[in-house]
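What follows is subunit A paired twice: with subunit B in the first complex and subunit C in the second.
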Partner chain A sequence: MLVHSKTGRWAAWSLFGLLFLPLFALPLLVVVAASFSTHWSGAFPSGPTAGNYASAVRGESLQALTTSLVTALVASLLALTVGSWAALAAAGLKRRGKRCLDALFMLPVAVPSVVVGLAVLVAFSKPPLLLNGTSSIVILAHTVLVTAFAYQSVSAAILRLDPAYEQAAASLGARPAYVLCRVKLPLLLPSLTAAAGLCFALSMGELSATMMLYPPDWMPLPVRIFTATDRGSLFSGSAVAVVLMATTLLVLLAVSRIRTRATYR
Partner chain B sequence: MSGIRFDSVSVAYAGNTVLDSLDLTVEPGEVMALLGPSGSGKTTALRAVAGFVRPVAGRVLIGGRDVTALPPHKRGIGMVVQQYALFPHMRVEENVAFGLRAQKAPKAEIPGRVAEALEMTGMASYAGRYPRELSGGQQQRVAIARALAIRPGVLLLDEPLSALDAQLRSGMLAELARLHRELPDVSILYVTHDQVEALTLADRIAVMDRARLRDCGTPQELYRAPRTEFTASFVGNANLLPVTVADGGAVFEGRGLEVDRGGAAPGARATLCVRPHLIGLGEGPNALRGTIAEVQWRGSTHRLYVNVDGHRVKADLPELRETPALGDEVTLHFEPRDAVLLAAGVSDG
Partner chain C sequence: MAEAPRLDVPGAVTAPGASAPSHTGAPFTPGPRHPAAAPGATDRPAARGADAATGPATTPDRASGGRARAGVRVVPAWLWGVPPVVVLALVFLYPLALVVQQSLTPENGGGAFDAYASVFASHGFREALGTTVWLAVGATVGCLVLGFALALVIAFVPFPGAKGVAKFIDVFLSFPSFLITLALLFIYGTVGMANGVWSDLTGAADGPFHFLATPWGVLLAEITYFTPFVMRPLLAAFSQLDTAQLEVASSLGARPARIVRRVILPEALPALAAGGSLVLVMCLNEFGIVLFTGAKDVTTLPMLVYGKAILESDYSAACVVAVVNIAISVGLFGLYRVVSKRAGA
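Showing the complex of A and B:
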């Protein structure tokens, strides 16, 4: 919406500041402030130190960071593959089939993630597929949780894709597989990278399902933050949280830098 | 050499018939225009040839081969659509090479054929550009080059000029006519709602309305001697006057008109069709007296709308020195040989 009058613009900006600062910026700033201190008893933190970070980027914390990165990377790639595949298949279905598939992929979002975690735990704790206690079960749960988002964003992108491209390609004698690789996927690439970034960020921050599943040798960073703060180590936990935040932002930034030729459309 | 044949082709969407048993043959090397208003089924007919809609009845043949059940990529057609649909992530040359690569043409042949197609459409110097860097007319040329590169026996053009402005459009019309002269073996099915495009380019015109073929013939036949009221009014925007056939001609609102009554029996009801530009102002044969209802100045011509006994008659006249005012009494006339008598009842087949 365009605001034309000067006072109107001013009012809009103040309203934005009033809502944005306390809701979004302030809590994050508090975590950053806490990560650099040793005490917080008054209105402001005290005892400035960088020591919290010394432990946040080595030893077990570093291992947790790697665990999180690997989990998020594998889970988001898997989710992107499965989600895009399903979305492409759904686009070819009739109305009722597409609705069924849409509903199916909504499930992991609609069901609380604790329930998803429990379900995965129960399902894979007995042979023939015994994954309990392995890293795979964490990656599997994350994949299930984020595939819904990959499916939804790719579905939306396919809906916006003009069928004329596909038809033009077919009229030129291109088989469906060729059309998919050379026309549809390249045109969808911007949405695919955006979906991958979203999946990655969601997986990096996943806690509730992971809590139910993680084996001792595969502890992702959010679990470590939780256990640290649970023990009362609020400030070192904050430092680890800032590391998590920064890493995720960095990866998202890198993903958004992937420019595709289709972006210039 | 391959033509197109529609053999009683019907298409329906959700029980709604959008193409009703179309029978039509496009001869090898012929330009056939499918002309009609929007919703007449002309684009559906083209899409049935391309394979994007599956007929509920009938067969489509390309070059004598039944392609009704074949997917689009196996039909050997070239197609150009209104919005061009150039692949935005490929350069012009990659767009043109797309069909050749998809059909696995020998690698060594591709650059030559791409260059040839671009040369033919005058786009050779734009080979390295992206579609977004081209104007609408240039994109259209690339789309045509892309369709021609695969050397199709049949070229389908779906409103190819309607996204261009008027000046570009007449230029592209001439280009298309030249391309057709250079490729005399290619059959062209040209879908349009613009009668000028159809009259200029087509060897024959198929006039469509409400899912049906209404008329088919050469442009001259359809223009000079339309067989149905729909053709008469859609092609050339003719005046249609209800008359009764009489001995020496026809009777319109009580006045006798001198026209060739052909085989019509005296006393029969009929429609008299006169082109607006064949009507003159002033006294003459077949005079019609009426009052001016509207005057439009169109640069080189004046279009007069004249109320004659409750019927509105259009007349296109070379620019008038003295423009008549609304409500003025005027007399219009037309030569007997310029009128065509249409038997009533054939109007809505």
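Showing the complex of A and C:
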């Protein structure tokens, strides 16, 4: 306890409330409120309606939602595979090699995602690999962007792993592949699912690289929100945004449930 | 793109089980015959195979196991790292190399650095560079000040629901950045909430809030979105701070301001540096917030890349801007890695 006087404490709390509520809580509330209304020209929104949602879950928006879900699912699974493979391989390396792999796999975080989009667009718009205009180019870019996060969280989890388990298994005659499948991966499962959730959330909200390379028939949800608000239909755009937030939250919640079950197993 | 919050938290990557406590290993350690199970043994499969193979394993059963593991030794540990690196090289490094190459070979002929010369000479690029840098620096400073103040209250003047607020921040981080700009459009837009309240109160036809389409709107959105990225490592660092130090300082008569300055701030400096440099890089790369603002006169480097490539189809110029952006961001990110390593992340 830093502040002992009652007035001081209340002063700190009210300062906190004054900063926190308008800056962080209000934006989310406002988007939710706007998604249920048709007008906003005063202090409060007016014209309560559920019509925004009716249009947000059908037609093009529904297609965008499934597009986003498929993209995020495939990209996060691919990223999880590549990222955790690399993290496991890096854990077996000496200091120098590990640092090299760390630097390589963290690079996509440092490079602006717009530039990642541009690079993927430039590289795969010409033979030998012509992917431009297909859905796989979007999935590829998302995979590149989220692999770094999968790598980072899995390698942090490997650091926390107690080596006694695998040493015990190996001393009892288990081969490396068996140790990996029956000891290491089950112990890493909570972190793997957490990493998958993180990758999924990031891919669901990814806009910058997607703007560079989405084909007309593969338009993810964030691009759909942008086109809606760019046309001026802010209210239906915010309904789609709420759908995006809710889907992300639901998936994160489901993933965290898997995690707790794995922990208690 | 939204950045991963929960990763580079200083202190979060402590390794409680990294050094195997001997009592955990004891029941499984059959004796000195199996050096692989000794607490100091490395966890590399190859090394373990070698130990088992050369160790004095006597029973034929064990000997065959040793031979099988010796067979695995043929695959050295670094070889396992090759497939993911090849994949990364194909889908990421090769495209980046192509961007650099294209920036050096303009489509309409000319020398290697012609595209650079023309881009650097253009007014739009220099303005975008300046805007990007000052926005990023301003947002970082704002995030550091705000994040430090908020984390201080959550950690040291706790109130009922402080845990919930910390959870809320985690959730906040998983949302895309452009939602903040979308929300600000409703709050401070020309027909938004703030202007509506103002005209209701004063009867004026027009409210005073018109900053959304200016750099200030982008600055506000960036501070809002990125402050949690500073708060997370700070909260982790504060949770490791020994509260006895605060009690001692306070019982010796130090006022809260002095405790913050002399006790808490030095403890928090590594976390502040790590969080601040992460936010700086992310602000330099931010695209969604600027795109959603829809302001014509706010152009940052990522916006310029997008504009040149997609709207103008001038790929050489886009690649030049991209190379400059990569250079700045990767340089700063390297700095961030060094700082966060020093901070113990």
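One rule holds in what follows: the second predicted complex is superposed on the first by the 239 of 265 C-alpha atoms of A that agree within 3 Å, B and C clash if a C-alpha of one lies under 4 Å from a C-alpha of the other, contacts with A are read in each partner's own complex, and residues count from 1 in each chain.
Here is the rule we use: a residue touches a chain if its C-beta (ideal position, glycine included) is under 8 Å from a C-beta of that chain, and two chains touch if they have at least 3 such contacts.
As the structure is a computational prediction, the values presented were derived from the model and not from experiment.
In the superposition on chain A, contact is made by A:Y178 with subunit B only, not with subunit C.
Once the two complexes are laid over each other on the shared chain, residue contacts for A:P186 go to subunit B alone; subunit C is not touched. Of the two partners subunit B and subunit C, more residues of subunit A are touched by C. In the superposed model, A:R257 lies in contact with neither subunit B nor subunit C.
Once the two complexes are laid over each other on the shared chain, residue contacts for A:R95 go to neither subunit B nor subunit C. Contact with subunit C, but none with subunit B, is seen for A:M211 once the two complexes are overlaid on the shared chain.
Legend: residue contacts after superposition of the two complexes on their common chain; A:D162 is shown touching both subunit B and subunit C.
Of the two partner chains, neither subunit B nor subunit C is touched by A:K6. Judged by the touch definition given at the top, the superposed model places A:L234 against subunit C, while subunit B stays out of reach.
The intersection of subunit A residues touching subunit B with those touching subunit C, taken from the two complexes, comprises 162, 164, 167-168, 170-173, 175-176.
Of all residues in subunit A, those touching subunit C in their complex are 1-4, 8-9, 12-13, 15-16, 19-20, 23-28, 30-31, 33-34, 40-45, 82-83, 85-86, 88-93, 97, 101, 103-116, 118-124, 140, 143-145, 147-149, 152-153, 156, 159-164, 166-168, 170-173, 175-176, 179, 198, 201-202, 204-209, 211-212, 222, 225-226, 229-230, 234, 237-238, 241, 244-245, 248-249, 252. Interface residues of subunit A, counted against subunit B in their complex, comprise 162, 164-165, 167-176, 178, 182-183, 186-187, 260-262, 264-265. Within the complex formed with subunit A, the subunit C residues making contact are 1-4, 6-8, 12-18, 20-21, 24-25, 28-30, 34, 36-37, 39, 41, 43-46, 48-49, 52, 62, 65, 68-69, 72, 77-78, 80-81, 83-85, 87-88, 91-92, 94-96, 98-99, 102, 146, 149-150, 152-154, 156-159, 165, 168-169, 171-172, 174-180, 182-187, 191-193, 196-197, 200, 223-224, 227-228, 243, 246, 250, 256, 259-260, 281, 284-285, 287-288, 291-292, 294, 301-302, 305-306, 309-310, 315, 318-319, 322, 325-326, 329-330, 332-334, 337. On the side of subunit B, the complex with subunit A involves touching residues 50-52, 71-79, 81, 83, 85, 87-90, 98-99, 102-103, 130, 132, 146-147, 150, 156.
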